[in-house]
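What follows is subunit A paired twice: with subunit B in the first complex and subunit C in the second.
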Partner chain A sequence: MADLDALPALARRSARQTLSRPQFLAPVLLLPTIFLVAYSGGAASLRHLPGFPAGYGMFDYQIGGDMLLSAVMAGVIGGIAQIVDIQVRFIDRLLLSPVPRGQLLLGRLAGIGLLGLLGGVVFSVIAFVFGARPARVTDLLILFLLQALTAVAWGSITTGVALRTGKPSTVQTLLPLSIVLVMFSSAFVPRRLLDDPLDTIARFNPLTYVSDALHEPWIGGVTTATTVKALVALAVLGLIGAGLCAGSLRHRVEG
Partner chain B sequence: MSVLALTRRGMADLRTSPAGVIPDLIAPTFLFLAALGIFGRLADLNNFSTNDFTSFVVPFGMVQAAGLVGSGAGVNFGQDIRTGLFDRLLLMPVRRAALLISAGIAATVRAAIAVVFLLLLGLALGARPTGPGNLLLSVGLAVAFGAVAAGWGLFVALRTGTSAAAPIMQAPIILLLVLGPAYAPRELLAGWLQPIAAVNPVSRLLEAARAPFLHGATWSSTWPGLVSVAAMLLVLYAAAAWLLSRHNR
Partner chain C sequence: MIRAEKLARAYGDTQAVAGVDLSVDGGEIFAFLGPNGAGKTTTVRMLVTLLRPTGGSASVAGFDVVKQADQVRRRIGVTLQELSLDPTMTAADLLRLHLALHGLTRDRAAAARGAELLDEFGLGTVVKKPVLAYSIGMRRRLDLALALVHRPQVLFLDEPTTGLDPASRQAIWQRVRQLRAEGAAVFLTTQYIEEADQLADRVSIIDSGEIVVEGSPERLKATAGNSRLELVTEGPLPATLGQSLESLALLRSTGDGTATVELDKDEADIAAIIRVFEQAGVTVRGMQVHRPSLEDVFLAHTGRQLEGTHQPAAMKAVTRG
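Then we have the complex of A and B:
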């Protein structure tokens, strides 16, 4: 029973650790906002090109891309928060406690998921304020779920890297790398408007499939096929992350 | 003399390890390549000012690189203030202005390195300026924006006294850059953005730096950019100097 009690407490601590620091919230909320302003205003004419979803504006398209960026940033912040725990040796104390190691990771990932969800809610409010509407209310719920799962899946990879290396500089480099991976997907421009080699990169980038699903509520409505593809992509990322976390934690314990 | 010595100190890391410039180049390079890749089709629009998007976006890449690297001056300055080194420098027999000018020059040199790198990358990707004189004008304006960004970074560092204010140093610079004709000419921006771009001083600078890559620089395309950059330099360095004059008094 004590084991079950630990998970919510660890999740709460993980969420508090990230939500209470402006430098952790800025990449999740401020950075995507800058992208939203820059791309929806600066590249607004893109909507006139054939291949852009008919009847929608650049803002409608950008909002899904910025939600993806926000969720991925939440994942990166999770890794950086893990590094903080390693530096202050909090993780070492937890490993000496009787809490199962799986729950240590789940607690961290639950906090990351909450941060991702926060980004989803904030950008949905921004979308509403500026006139974008989801096709159905249930679409919004699917969007929030995908948003949280994206943060968790990406966060599992960054947490794994943090546990493995213990180096702030290594985890910090994941931030620009993650932005680049989001940009090299369909997040900000539909794939039909991407030229090679970017289109080929986007095709093999799992974030493209997540991005397509996050766009759908604002562009036409959620479809099962796209949502399933996104869930498969997230499952692949999550499995990579889970393997990385398990191996890294074992490495740290045996270390 | 003191300005030269302090500038050399500000660039010590580059002299001992030239590879130290690489982190300065990563973000601007990726942002430039991403803009080039994802918005390239904008040039297919009939009313786009050119069909060569690479030439259109290279000046923005250079100005963006200068802005990102230049604003980093505040990070080092803030760290010196926080660690107390700045207070020790103030005890030296040098004018306070020398501390500010040297930090600005050191950041501008770093920005110039990033600008030249982005230019070479752009040329390798097919951008074609209209002539060598025009090219120098474009580079000069981009580097000058590096000095502007450094002025802002130094102002924020003096106001906050910490390097942790880095997001406040960089975010407004990026916002100023993108709230203008960054990826498309002004007439193709969203309706709400056009009046903002019209009063944004960086728009004039960007258009002046871009003209040499499109149809060639003329006096009428250049002077608004020169006035904008001069005004931004004057305002920001005067504000930073005012804060410096009040520091520890």
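Then we have the complex of A and C:
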């Protein structure tokens, strides 16, 4: 058996598991939409403050933040889907197969990435419908890549927690916690408009750097420096998640 | 095919499995019989590489379950007590995934075999329905079909018929016998005495994590004493009844309207025993022959009865009057 033979099937199954359940899609699509409507309408006058990107409206700024929220929610849903697999013992079926355990995890994460990408596509369409445009077409591709990677990185952490604890309540707690972390970043308000302690928290919050990169296609255009910072932040999150997953799987077998 | 030496698993101070030795060959059905919590499932989970032993060693199909776990997983088929099925997936989805997990995506013969197995297990018409819509029996059959698709050398069945109706149980037994005939080693755990009795070539009784006795069902039952004739009587039992029966059987006990007679090995003439009772002025209203069962074997070795067991088929009752 070639090393990655089972990966497409595992990714497909992971994606279908989430896409077939409306309760899994709601946080990825509905929740950011509510934020988009609320902030674009209810906080529109923020655009007049000094420090807000000149020449752009609140909607232009919000769309990047909503994409971050959508990607993070895709990651959380990945963890919840993992818990469902543990509860129905489907994880045993996967662990009983000769597929290396790393590949089982990759399959799960690839499915989470697809869910993240779906959020990116949906919110890009919404952005287009309401008149927002990326500076360049390639910006959109970078945006989709970041969206998928954000979901994968965050999903690796939630999946690791799910594998370690096996408790739905613990993983469900990650949902509000993740929303708070998104709120404590530059997702919905530009860094220059944040005061301490929120500004300090945002500076140490890796999601801020991802948020900055997701805003760029809609506000001024993608820059290499911001994109690299986002990729570094995602790499850090991904490494933490990968370590957590590997340790949790080992713990699951060693008991 | 399966070897274990002093296989052990501890959770803190609790010893779930305490040094199990066992050996199962190809073409053999080996049953692990014991009550809930005896250590059956923990043993299976160690042998199928889902749980790491804390002591001893084990190999399956010649591969160490810890050091060569991947090789073990290539050669085994497993159905677990708690069905590992995603209820939102269809049988067709599960079959496709199973083929992919075993590297058989491009193996048309394997795919055809999978479809045949689903048909054979009566699932051919529901392959596109989600598992959620299946009965417990259908889910168990699906689980077994999936476990067989990649032609495993060793099959682990952890309580495969729990919750099944008699017809479904018989169908699974039939298939397990067929697998034995094809040369597979079958490791079966059960809490149903009848299942172990009917299917197994060898039975190990496990209690509190330790194997208390092992052997063929016949040999084990032979060690559990003779058959007993239990009689429902009318009229006082004379004190001399035991003496009158002496040449035929041993009067074990008498109670209010009952008598128990231990038969010898070849189960002497029951009609003659009834005649002795009637000659003594005792009317026999009913009788029942109780042959030694694996339940008696369990009782003899542990001093307890097996919980949740089914009565063996050896029990037959006749009532008259």
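Note that in this section the second predicted complex is superposed on the first by the 253 of 255 C-alpha atoms of A that agree within 3 Å, B and C clash if a C-alpha of one lies under 4 Å from a C-alpha of the other, contacts with A are read in each partner's own complex, and residues count from 1 in each chain.
The rule is simple: contacts are C-beta pairs under 8 Å (C-beta built on N, C-alpha and C of every residue); 3 or more make two chains touch, one makes a residue touch a chain.
Since the model is a prediction, treat every value here as computed from it, not as a measurement.
> Using the superposition on subunit A, tell me whether subunit B and subunit C clash or fit.
These partners fit in the superposed model.
> Which partner does A:26 reach: the first (subunit B), the second (subunit C), both, or neither?
In the superposition, A:26 touches subunit B alone.
> Anyone got the angle at subunit A's C-alpha centre between subunit B and subunit C, nearest 10 degrees?
The vertex angle at subunit A equals 90 degrees.
> Check whether A:143 is in contact with subunit B, with subunit C, with both or with neither, and answer first, second, both or neither.
neither
> Which holds for A:43: it touches subunit B only (first), subunit C only (second), both, or neither?
first
> For A:67, using the defined touch cut-off, is the partner it touches subunit B, subunit C, both, or neither? Pick first, second, both or neither.
In the superposed model, A:67 contacts neither subunit B nor subunit C.
> Touch check for A:234: first (subunit B), second (subunit C), both, or neither?
neither
> Which of the two partners, first being subunit B and second being subunit C, lies in contact with A:13: first, second, both, or neither?
A:13 contacts subunit C only, not subunit B.
> Contact-wise, after the overlay, does A:183 reach subunit B, subunit C, both or neither (first, second, both, neither)?
After superposing on A, A:183 lies in contact with subunit B but is clear of subunit C.
> State the minimum pairwise Cα distance, in Å, between subunit B and subunit C in the overlaid complexes.
17
> Spell out the part of subunit A that touches subunit B in their complex, as residue ranges.
Result: residues 23, 26, 30, 34, 37-46, 48-49, 51, 58, 176, 179-180, 183-184, 188-189, 193-195, 198 of subunit A touch subunit B.
> Tell me, which parts of subunit A touch subunit C in their complex?
1-2, 5-6, 8-10, 13, 16-17, 20-21, 85, 88-100, 253-255
> Which stretch or stretches of subunit B touch subunit A in the complex?
26-27, 30, 34, 37-42, 44-45, 48, 164, 167, 171, 174-175, 178-184, 188-190, 192-193
> Show me the residue ranges of subunit C that touch subunit A in the complex, using the header's touch definition.
Those residues of subunit C that touch subunit A are 9, 11, 48-52, 70, 73-74, 76, 78, 80, 82-89, 93, 96-98, 100-103, 105, 146.
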